[in-house]
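Chains: A, B, C and D, in written order; residue numbering restarts at 1 for each.
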């Protein structure tokens, strides 16, 4: 997503990066929003709640309609959003063609022109190398691009409790933060453009490793005669402790209020995890970084997608790995 | 290790498991200790400190001498320990032949006779299936066997801060606890015999997975331009958090007082981790449990042993995975 | 399986290993056979066909009955076989307790006594370390033990086309060969006791790796638009060639007369492969040998057992890895 | 590499794909060659040997000089080659920016114009998706693009014994074949554009899996007491057989004339294999194909690059996995 900054006093010779003072005057002016999916819609709603006029677009008319009823202005395509707003947030699926709003080839989605001095904030999860390309493209148009992927799911998006990991020119962080704090509880500056994506990808890779590891471990312990609640307790007071063991345990009955207690409905889908791990894998390949466990985690989530787990929560890897007694054989 | 209970009033028809009351009277009577290595020696010292007379043995005379000077009685072999003490603690390397004190074939180490009603506590880390065999063998001799492997290294052994994970007959746990609390800060009852080993093995498998995962992740993040301290901070406030990221970070400079800050000296050696993972693998194979990441973690630590990392701390996997700039090639 | 040599002139002071001349005189005397399962039954039949009187036993009466009708003498248990025959072949499932005929604890299966000078040939697939233990046990009884596991399935067993990989004292190989050539087309001497098992395990580990690798590769190629027959042809004329690509291709329609053309019925079952890989893994763990791909292959076949593939041919890994279009998700 | 067809009778309204008859008339007219590295130089020489005038370019002047002395015309950049030749072969390193001759952004390497009706043959190993993009770009310029990656190393390139795997419009295959047969012994038509790359990538992924698998297996067998030559012989007559075991065995002393007999000098470098596996991984990720062993093979070759094996032959994985006795530890 992109976030165009409106600056009323823009002149031909305005320096590319406006001073913070002019930015704070820009508050409560129109914010563009591209991508009103499961995540984007509640995010845009939170901008409305905080008093920002929103101009938005999405390929699905129903998503647009709901936001329109809440007061947003709906336009036909991303280019129109960029025409009118000079702060634009994008939240798009990780489809490569869609995500290349500034550098892609599609005439329907490509934004060829943005206002000079605009701030573009992309909250999609994409390859950090693509973020860098977009930043270069934005700079050529006299705009600023920042990557700001999120952690936290639909619930956090609705309640405005997302965490944003932000990469981009440090001088622009305050401007981005002003908008992002309307939608999230934590806004973390990570460094140069692309580092927001890097932080997101790194976290999710380690999360996947921890989740599969916890599932294998719990399964092994149960088979060795340990009570799962007790095993979780022991791990959580020991060096095996991780988020997947103490906060999101994949074994039904060990914890309340997590997808494992609800037949792995809701939560963070296996196919979304597989996508993020694909990004991690590609990024690691391109930087020649060995990621043996991350790579195997990717393959396991990919196999799960092939075996009917695509839309279950990613903690269902416990179920996937567990022997089916009937099928077990000798 | 075994722990023989002395009960002065033992008669021919004494029930196998004595009531707790008789056990508490048994306190401060002689405790046997077999295995005075890096871990066993400080453990035995802590028993002496708590006022227990100790009768001990080890294959290395020097280890024995040090304990003798502190007041322990030294005997020639395990059988003599078992002859005199009716509570015996064992702490042996995971060499299969050594660990089978009750079921093995070696005439030098095999204990063929224990006092009726003895309590044998084994703190070695071994295959839970072997623990079960030993429990059966002990029962045939009228004794009780419990497995009580530890977490925590030499430092925790010296300061009496070990965690014991105890498996065995629940009625005997109080008796075991009385001794183990002299040597450890936590004594956790895990269930039937073998479950102490199971808990230990499970924890260490998840620990290895978390450590390698953290190392891959930190390495990838650094290559993507993230500051390692900042990345660790982000992971630790997010779902990637684990013990290896927040308590024992493998990247030099991220944390103080961990082996990564000291060229991976000290800590928990790679070859010890490889051994524990070998146990996890064998146990998983025997119970037909899929452990894909645990299995790959085992292979990685095995490869590290082959490449000169055997005696470095297991967090040196970060160093192992990191590209050597000189060797990197095109 | 064990193969006891009858030697009519045995005296108290007979040297342990008889000269070859006495062995050739022993031909056409009774051969013991323990284990009449899918493999053992046709093997024993081939001994009968070659004119050897057979004395056999099995836990399933039906298996025994069929062989009895062909002229074999049936007895109640392994001990009786060992009492009467001095050449005994065993072909048992890889259940550890069953396989330890000479060193196990079970009163029903343990053979405590064999004739002096007997030849025991075990064709079961077991841990080479167990073979070595059995050889030691046999030697103590004045007998000779050889391991002679087979490659080739039920079809090869019926047609006498098995390959035997034989480990044991070289001087005894001729005696073993005499019997094994009745049941197999190739009898290969591998070295000291245990090396027959080693060769079998090594072959099957590489076979599993090749089969999964071929399946991944064919699947990837098909998804990239290649015709599967053409891809197989290209691989088979290039460096990707392996037995699984050129002789037992896992993709339906590429080859005739292989399980992939028959819905993966028949052939070598996934659960049998998982067992052999478990042996390979355990052996590698005990010898501290890194086997990263072998280990992952083991995990994949273990996961397949958990997902309903236990009794399908092991080439069904192609089907397991293939994306199910309906389940694929976004 | 691109191969521009010269057709003397080209008119404004010439159909895009010339009939084969006109192509055969085109023989012995100038052929462009872009990329004169280890592989490209001997390939271009073979074109010269077959009587084709060659117009070539490379970033390294020395490479150019050698070819110039043999009669080739040297020009400054790819665009000049494309200006003059209407059959162009490219053989570039897999650096993404270099390989995107038709679609890239670099002003130094980008070819913006080719002659109408040109034939462009790319023998570099790249992502099949990039080949498809280049085919689209070529078509827009009125030219034809084919991918024709090679198997076989520098030796095969020198002796004209390469294998070409060709993807592209079937009608153009004869024209491509005419040139490629000057440089290779086998020219295989694989299907639509991109399938040449697909076949190459698939073969190399399976090759890597087979090589690591063979190395693990040989290592395990040796540790279990098998003679390596005997083990290789057994595998090669059994179902474990593969190209790496029977033609390019990685164990020193097993075969003559392979890199394992020459301290892993020469052959196919580990870093080149790591690159091809990176392509396979990326392609698998993009097509959502699970490749667990391929993915782990990639990671292992990546780790080897990090540990000093980058320029050794890829069969040195045997050495990498082999335990170093000194370092082995307890």
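Just so it is clear, a residue touches a chain if its C-beta (ideal position, glycine included) is under 8 Å from a C-beta of that chain, and two chains touch if they have at least 3 such contacts.
Since we're looking at a predicted model, the values are computed, not measured.
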Contact steps required, at the very least, to link chain B with chain C come to 1
Using each chain's Cα centroid, which is most distant from the centroid of chain D? B
Given the two chain pairs A-B and B-D, which is bridged by the higher number of C-beta pairs in contact? A-B
Chain centre separation in whole Å, for chain B relative to chain A (CA means): 42
Averaging only over C-alpha atoms, locate the centres of chain B and chain D and give their separation in whole Å. 52
Two or more other chains in contact with one residue: find those residues in chain D. 288-292, 296, 300, 303, 305-306, 321, 323, 328
For the complex, which residues does chain A have touching chain D? 274, 278, 281-282, 285-286, 288-292, 295-296, 298-300, 302-303, 305-306
In their complex, what parts of chain A are in touch with chain C? 93, 269-271, 296, 303, 305-311, 320-324, 327-330
Listed in rising order, chain B residues that touch chain A in their complex are 128, 151, 163, 165, 186, 188, 190-192, 194-195, 198-199, 201-207, 209-210, 212-214, 216-221, 223-227, 230-231, 234-235, 237-245, 247-248, 280, 283-284, 287-294, 296-297, 300, 321, 323, 328
